[in-house]
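Order as written gives the chain letters A, B, C, D, E and F; numbering starts at 1 within each chain.
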């Protein structure tokens, strides 16, 4: 077995102002990364502690972009925008000449490769409309393949404490997604849903874990020496910080 | 002639860190507002001086949202997000309980009311991909009705100085949009395109000026006592400034 | 507060051969019109007394077009086609050089400005398929944003007598639209549904009243000095009455 | 060879107030009808002499519906709405319990059975926008398969006199449709385009003649004992002539 | 009654390696064919005995193509690919210069001519995902008009023995399709569903029988002297059997 | 750097009856595979030597499915269907419980991750309609993102001999795709286009090489322990070879 050994230094930006997800996310990703991939996890200094709607997303976006720029300057080969709302992703794609991948976009690409209709099971407050997520599906062209967006109805910051509730509701919502909404593939709709997915293997449907999906696509792009099209995501004329 | 006289105080947020567009924008809008509408124009303190791509948009978005929140606190009845990229609009729609209208969304609603296929003539650097604008069309569901996005190929901040070039190119691009792309309606794709539109009346196609379009829809919503659906744009749990 | 005072004389054509809706419609619209708008309401001489399907619509269409032509000849600045089926609207848009707005088109533009998924609650016989309305949504490009079309299941001409039944069913159907169909915005699907909308404010979703929606957009177009694109809705070569 | 011999009496309504197309249309259709089909051609008494836009269409529609109703009362088994604008078709589908087929709908069904992208070559004034035809394509769900709508740029009533011009332009426009627009199938977009289609066999693409297409589908429906779904096209409550 | 008598020799290829459906299919089709149509039914030698998924379809496809080629060589005027999965249809359309029609494509063309939303009631194992059928709907551009795909949950080869179960379930599923899924038209989704359709006339919705639908469209194309566009379905360079 | 070392044995089936592409394909893929991936390349025994249309595809499909089944039986962890027509892919997805990836599907997923509009530059005879490829785009839901399908107009089997012609035309067609069709990303549309892609780096647009794209996604799925959804691609009841 040969194969060019490409070293892949990937910066994972968790765009919330808390590091509580770093350790579990690292643990998860370490189990799936390539042998020659090295990951680093950073948070943003300011901004929301959790991202549950467009409003939160906007405040995370600028910080994400700055962290992504910094990663490029520091010589990283790729960046992961570790939030299912993909905050600031299109902006960072413009600025960066190294690949950056978001959790939502990566997940729905795998979901539509694996099946014909996916449901997203996300977290957040119980009455959430998920307009933030549905906006992304429209933007990326996957609205027609989405059977439903459902929720475990737990605020993101209670996911860790409420692990068993999360797992139970996840199984229950995913079952409804399959039986009532016609989904054949399940996507976890939040980077903080770190429930052991073995529990949901009984569904008989593939379950896409967004952090892993983004990690693999980011590694792929580095291996393939490809980055987002600079004809679609043109380099901004204005420099960061500059007010042009 | 009776008719309930509803006083309409509207805050216009020009989400760039320069006030150079305020006077001409005010002059334009004063000519189209209702008799009982009062408009105020503010800029953002920090952030880009012009918005030409997703990257610029992200940095304007947070400031726009904060200015929109302030307008609501100060008792305004409506807000206009005065930029064709609609920066932070979805976020502000979540936070606000008074109506807020963006330039792009308002323009494409009028364009599709008036015709069956519109072209947007925008400004910005010559090689611009307009991914920011095309993203919005996908998001709002108007991509199919868009015949093309074309450009006068002038950086936004040169629009005022290059007024005649702008007018000439506008006429030339709009003519190509009609003859080559099949457009029957023209949308000016930048809040700073303040060229006297009489010059383009010769096109035989309606020309939608985005600032006027947004003003009229904002007035309408206030008159109709309607605001963006709080079931689609749910109130964020997190307070502004708070890091929840 | 300055602002050009544009006088707006608007002819409202209620395309049914009864004047029973004129007084309540006038009462409704007077409460929402601009101070310098003057409205006139006329009916058609012949044709159906209510429009509940494509069949009714066809017989109203010719009369609507003739009344619209007459309004233009009499110097009106705009016309409203006061029926949710928009009978003859595309034909009138071709003939007229003043703006004409239909109830359905105006309503769905506001609905999609306010939310991301609307339901229409209409009237008519209980087993109605609403092919007339669904045809318009396809025609105008809003089928994807429509969560459902539901009915209060009252024949239009019984709406006035059955006001309380109408209000009860409206609330019940709108609730189902929101909870079962995923609507975040409600559109009343008939110009004769003149129920006090306060009763449905409890829904927590905006309710678009079609007559008001059309009035505001018609006023806007007059203020903006815009009319339907004559490149999309070309002037017919044949004169009215002429059999060319 | 057995096969149930089903007698098929088909009324062809040419919804213009001239009988100049009856003889050539009859000649064409006699060459394609089943052995046990009997066709009758009638015109409308009033209304336009040619249908070139939505405005013309509206005035033909009521008369078409009445003629279609009369055909059903007289015991015909099927009706053809012999105009590419399908005037009044949806209304007649509601009223009738025998099948009625329009020229446009029949043509696009055959075009999409035969190829993957069709162009319509129609007639009418040179600057025609064909909003009437494009509306039908949206309504019937075939807009995506339409490569272009092009024109021989002859007013309909000059088609007969200008037969050679028509044939030349048809060949020229169809060639452009194939080479420039990507069409693989051609539809003649007017019931009065009765040019010998041999001239365009050189295209190497099938050419759908709308009158023949409608005749064959109408015969099929009679043979299959199927009529338009009364669940989609519900019987109107109002009787013809009645003003309910 | 004149009308050119066109003799139509049609080869019906039932692409399964059993002749058990030939007699009942012949009986059905003889009742609907034109007086001057002659039909022949053949099976494939090898391959599956029933086609219930993409996997079965692939093994039937090559044999179907060879039989279709043979029919053309033997002077037939048209071919019917008698299976609702349309196995090998696109390939055969490339090779043949006589028309070939598939059961699924023919059925959905009639269904969308007759109504606005159809449901397919098919057969096969109870847990079937019908990805084979849904793929075809996407391919032919009819996915949006499909209200649902439902199943009588009988393996195809038990349809004949289980005729009463089939009829009962068909009625039950079609009723659910209409009442729960919004269908106004029903398509039988298998060439072997030869249940007397009188039993489902009570539905008040047209029922399209795929074999009859394909027969009529094949006869039409022969009568119209049209074949699939050789610009869409180009003649393959490689000869059958040849390994170019 | 840790990371679970997952051994990945991948069988690459080149579904043509010649091994002339095996060596160059291996050379290409060895340069991009993971360190712990082992690839094997096999051809099919019978069937076409090149796949240029639906007709060729059908004859390759059965052999592909059988080779894929054999790979699973032999303990491989994944399979690549090494042809841009993805012959037999949906069938193999049903049969297999290990992941199988096709060249077209893999390429368009990467293309839409990298940009907003892609063009495919394929090979084959000069007058090719590429209905085979366009069918797949419709099937996979990527038709709207495809700016164009263009061709180097070389028969596949001449690609190797005509390497320079291929490279020149590729550059020329890709340039037209970008400048005339609006593409921002290029996909090579044939597994045999093994031109050194450095020559097209001057385009300023990412170029997706299908074999590499499929290899990386196949490795990802194995690493993620995911396979195609058995709810979308249900296990066929019939065994291979069996004629059930």
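FYI, a residue touches a chain if its C-beta (ideal position, glycine included) is under 8 Å from a C-beta of that chain, and two chains touch if they have at least 3 such contacts.
Keep in mind that what you see is a predicted model, and the values were worked out from it rather than measured.
Looking across B-D, C-E or B-C, the pair that copies the A-F interface, with over half of its contact pairs the same by residue number, is B-C. Chain centres here are Cα means. That of subunit B falls 44 Å from that of subunit F. Subunit B has its Cα centroid 30 Å from the Cα centroid of subunit A. The distance from the centre of subunit A to the centre of subunit D, each centre being the mean of the chain's C-alpha atoms, comes to 52 Å. Multi-chain contact residues of subunit E (touching two or more other chains) are listed as 116, 129, 131, 141, 184, 231-233.
Pairwise chain contacts in this structure: A-B, A-C, A-E, A-F, B-C, B-D, B-F, C-D, C-E, D-E, D-F, E-F.
Subunit A meets subunit C in the complex at residues 129, 131, 134.
Subunit C makes touch with subunit A in their complex at residues 116, 184.
For subunit A in complex with subunit F, the touching residues are 1-5, 30-38, 101, 105-106, 109-110, 112-117, 140-142, 144-145, 178, 184-185, 204-206, 208-209, 212-213, 216-217, 220-221, 223-224, 226-233. Residue ranges of subunit B in contact with subunit A, taken from their complex: 17, 46-50, 52-59, 61-62, 65, 88, 90-95, 125, 127-129, 131-132, 135, 138-139, 141, 155, 157, 231-234, 236-238, 243-244.
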